[in-house]
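Here come two complexes built around subunit A, the first alongside subunit B, the second alongside subunit C.
Moving on, here comes the complex of A and B:
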């Protein structure tokens, strides 16, 4: 080969990327499309598998009833209902004139087909009404009665869940019954999906109020700086939410300063979990109490959350149904914390010790799980050092967080409540009831002797007694400092100037397209 | 996977061209007037460019050219060359700056060699000697270094692809690490390693073709 030929060949190869279509991916021109930025690909669209982005599934599939603003239960695939006095039978009139996106009619048979897919598996027994389900009685084409062995608590909240209580077209599975196509009754049809983009178009046969724009795209922007820049530049229209693409308080401030509309609303609670099984020092309530009083919730809320978070004293914010009496947040009181540690036998200057062992605690945090948690851990580390506790921070990635916490490989760790509509029972069962496997989220408190009976009483209570039974759980947690509520963190959404009519979603598992329109001109 | 490979190939190919042209231009400019103002500026520029991490440079380029000036999209690879420019510069800047110093130093050395002095004595202009005679002599060393820098650029794709939301192999690799998907990580590593081997082979062949001394060793 001659040198000249080689050079020409290399130049030609170098120009290859400029050839149109050499590497492109379809992305519709803005126009009639509203673009939401998401941090991770939407993934698996099976509504019964707990995988994928739930907000994306919310676009396609619908529940029997919807969780509306403020926890109001609204009709959806069930037009009306009647619950018997003993709470064991629920008569439903199904919404007439509804078809799945493939033309299959929504009726009692379709409902039964869906229930048969998820109820008998046993995978969803953490949901009261699934565990207590007895049978479905079909009274007519659009008239059914759900029979339960016992009255399930929080029935209507559970019926509004995103997973697994959403309805899939019976024609959307493969011959072997496995999930094949994403076809629901919802207002959006999935037209294409990849690791970088999920595209939807409005389902023109939708039975309810049609969305205010034709197309919706979920664009995967993994880097938060990229999302902020794209929003400011108008390349995307909406982003945010606890699970879709979290916006930190600092980012919210920057966006506001740049003239971007930011919506902040009541979010979820951030809790500090202790693991006395791994660190015996934490078995002493006084030590847990000292740690809780050793850091400054107000300062953290002000500095790290720009005042958008609130110090928490209870497991749930007051906006959550059955959240019980609100306890006052532990105040930052280093002297009281030192006195508690003295009383517990942890003494000495600098890092305290007892029987020759230093008071060291490993704190596992994951910025992937909670944006900014590493900074918060460093603040707590400095504040706890003042009372003689050596906090070692172990910062882990998303995957390690989801393996170490269920394996109880932590002394202290941060937990987030699940948010509406999974509160309070979803969060409580997951974090507090030891027999229930909480999967990758792990357990926060394990106490089979004291806590589990309280939890069993709460979940078996009637509507008349549930408030008192749930309060008994909260009282025990508070009295024992079994966990330390830290902050009620805000849910932050932002949207660009191209769209208007934005309202934050009723739950963080919903995509907030309701009322959204593209501005004229 | 084919689509991801094509995305990463687009990114690496463009960034390599940018690094190549940028390094030659900067090195040549510096060598035109050694120790002059331009030489000093290119030296400082190269030092800054070689010291700037890609995630920072990318964010600054997005802020300046996409957000403030609106010349380029903030993410994606769907708007033709407009959407390629910032990722290419982000990925190609660091190797381009490193290579520019190599070109600059190499050219200065070549200009002290007898053939250059003879050419000057015969009345040829310095620019002509630099371009026609000295630059080809720098090529073998430049190519070898370029191969190593191209390898670094491949690793850089893990940073640049997520930043610009390009769905390539680098983004897939990072996602595999984050979610501890070992099969994906292994596949990504296999692709990177295969690419390194092929690239080094290509560089060795190219160096041999460029350098007559190496090319003729086999004839003896």
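Moving on, here comes the complex of A and C:
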């Protein structure tokens, strides 16, 4: 090929998007399909592997009970239940007339097969009722009793989790017992999956309320600007959520201005974690306290979140069950922060020092994890410099964050709580209880002497005492400034004009297809 | 297509403009810290996203920092980065290339095969791999880019030395008993350095772009240091609401990269524009005046 031909071809290809409607035609959704944009491929569909997009698995697999709006527990694969007074036995009447997508009936045997497959592995012992599970008693074809060694806390929230407490067909595993095919009882059947798109079609044998449209596609659009453009062009119908494809406050404003429907609702908490094991200066709680008072949460919420976020004083927003007494957010008080640093022995003009060492702190942020977090870090960097703390920002990609944070390669880092239904215990066990391996999310506070006993007491508490025991954990964290709550961030969803009936999901692990329909005409 | 390419030709043959842009970049890069009207790091969240005005000539960014001051400070960042990377890459490239051309044999084979491997891979990929191994940070970025850039200088140096080694004066030096070190440092290195520096000019634009790319990806210059690539990525969320924040650093980067490339091309074609001083102007005028007169001997009655 001649160079001229090559150049002409490239120029022609470059001009193609300018042809009216070209991009729209290339991505045009069929009339019966609703397209959701996701930031990363849906990946592994094994509900027991803690991989893949949980919102995609929510389409296929169902739990015994569902976490409804406001934390209301609703029947799902269990039609009704009865918990004994001592909390150790849970009698369940399974939903009748339910079949897996391959035709296998959902019954007591299928439930037992599922539990036998993943409960004894020990991989899921961070969940109270899994750790305390004793055995399953089959009373009838659709009648079972779950027996526990002790009464598990938050039992019904745990039963609604996306992973691992969802049920798959016995035919979905290979001969060696490994996961093979994604077959659940849910309303959507996976028809194809690639790194760019996961396609689902409605399961016509679904026992519950059928979705309002025939096909659903999860389209991978890694760049948020690409997602916004695709939404405005009508190439996708829905996007957003904390974990599916986050929308920033600034993007939400732009979408609203463009006439796109935007739904904002209470989201999760953003927390600042300290690592005194790597930076000895942070072992002094006065230094941690000074840092927490050294930056302006209100300004960050107003400027970087367009007022959609709220300054946080506690580990969980008040909407979370067992979130305890709400502490007032630390106010921006540079004088108080300076006094704390003086008292801690960090003195001097400019960047403070102690015993010849400068007060330097490395702050690891990832825009991939939290959009806009680098800008937030820059604000904190400038404000902490005013109290004599040199904050070095290390901006990393998603993969680096997933390796550096569990390896504790940070002085300070941002963490997000897990959101409903994993709050509070899922988040607390993951971030605060040192014996539990929290995988790529890493640990925020490690204190085997003081915090672990409090966590053990909280998870072993009865319904009558759990409030007080959990509050003891919150009080200790607050008194020690073991972490610094930053913001309660909003969860933002947006949908195009082609669909209507959108309601934000009850949890950020659900795909919000309920009630959604394609507009007539 | 031909019409399009022809219309772009005037741009390609204007190294003088490129020279002025590069000179401006160098001036701002060298004296930027003393020229900025505001502290480029000073935030004012209440003034975030302001448009151009009397106080902030080019407006402010998303954190209320003066955009004009940050653009100038970013020129300094890029210039220092380019200088450091080129400095290290030139030392390695010229040193090894000259050694390969001088020693020949297995030394040349070993050095040039490593060079071939380096040249076979895109420099940015090598830099990304280096940063992946050693982590992010300013010096890691500089070293990663230098390690990605030296092979081309090494190849040119070796070619120059191989040519020079056959020259009579080098043979004479050897016959006269000049030490290898004398030949290497006094006669070969200066020759190769001069030749390679010319090529380095063309690489400066690509290097500025690589630094901006790495910063854009969050792997290069870290906050709060102003840098064009970083300014671009920070302002991208505001592309629709306030495109000024994106256009300005993008424009600055484009101008410098294009100017360096044009200048490099001009130098490679030996079309270096010379400053039009008084003496050169007088000579040009004299030459132009001579064009109006017919050549001697052709005018009737004049003796040849």
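Quick notes
Here is the rule we use: the second predicted complex is superposed on the first by the 492 of 521 C-alpha atoms of A that agree within 3 Å, B and C clash if a C-alpha of one lies under 4 Å from a C-alpha of the other, contacts with A are read in each partner's own complex, and residues count from 1 in each chain.
Here, a contact is a pair of C-beta atoms (placed from the backbone, for glycine too) under 8 Å apart; a residue touches a chain by one contact, two chains touch by 3 or more.
A quick note: this is a predicted structure, and the numbers were derived from the prediction, not measured.
By the touch criterion defined above, A:484 lies against neither subunit B nor subunit C after alignment on the C-alpha atoms of chain A. Judged by the touch definition given at the top, the superposed model places A:262 against neither subunit B nor subunit C.
Judged by the touch definition given at the top, the superposed model places A:374 against subunit C, while subunit B stays out of reach. Contacts of A:251 after superposition on the shared chain: subunit C is touched, whereas subunit B is not.
Once the two complexes are laid over each other on the shared chain, residue contacts for A:303 go to subunit C alone; subunit B is not touched. In the superposition on chain A, contact is made by A:225 with both subunit B and subunit C.
Once the two complexes are overlaid on the shared chain, A:64 sits clear of subunit B and of subunit C alike. Of the two partner chains, both subunit B and subunit C are touched by A:397. Look at A:382: by the touch rule set out above, it reaches subunit C but stays clear of subunit B.
In the superposition on chain A, the residues of subunit A contacting both subunit B and subunit C are 225, 397. Across the complex, subunit A meets subunit B through its residues 1, 3, 6, 10, 13-18, 20, 22-27, 40, 194-196, 219-223, 225-226, 229-230, 232-233, 235, 368, 397-400, 403. Looking at the complex, you find that subunit B touches subunit A at residues 3, 6-7, 9-11, 13-14, 16-17, 20, 59, 62-63, 66-67, 70, 73-78, 80-81, 84, 162-165, 167, 171-172, 174-175, 177-180, 206, 209-210.
Chain contact summary for the complex, subunit C toward subunit A: residues 1, 4, 41-43, 45, 48, 62-63, 136-137, 217-219, 222-224, 234, 236-241. Interface residues of subunit A, counted against subunit C in their complex, comprise 4, 7-8, 11, 224-225, 248, 250-251, 253-254, 257, 296, 299, 302-304, 367, 371-372, 374-375, 377-379, 381-382, 392-397.
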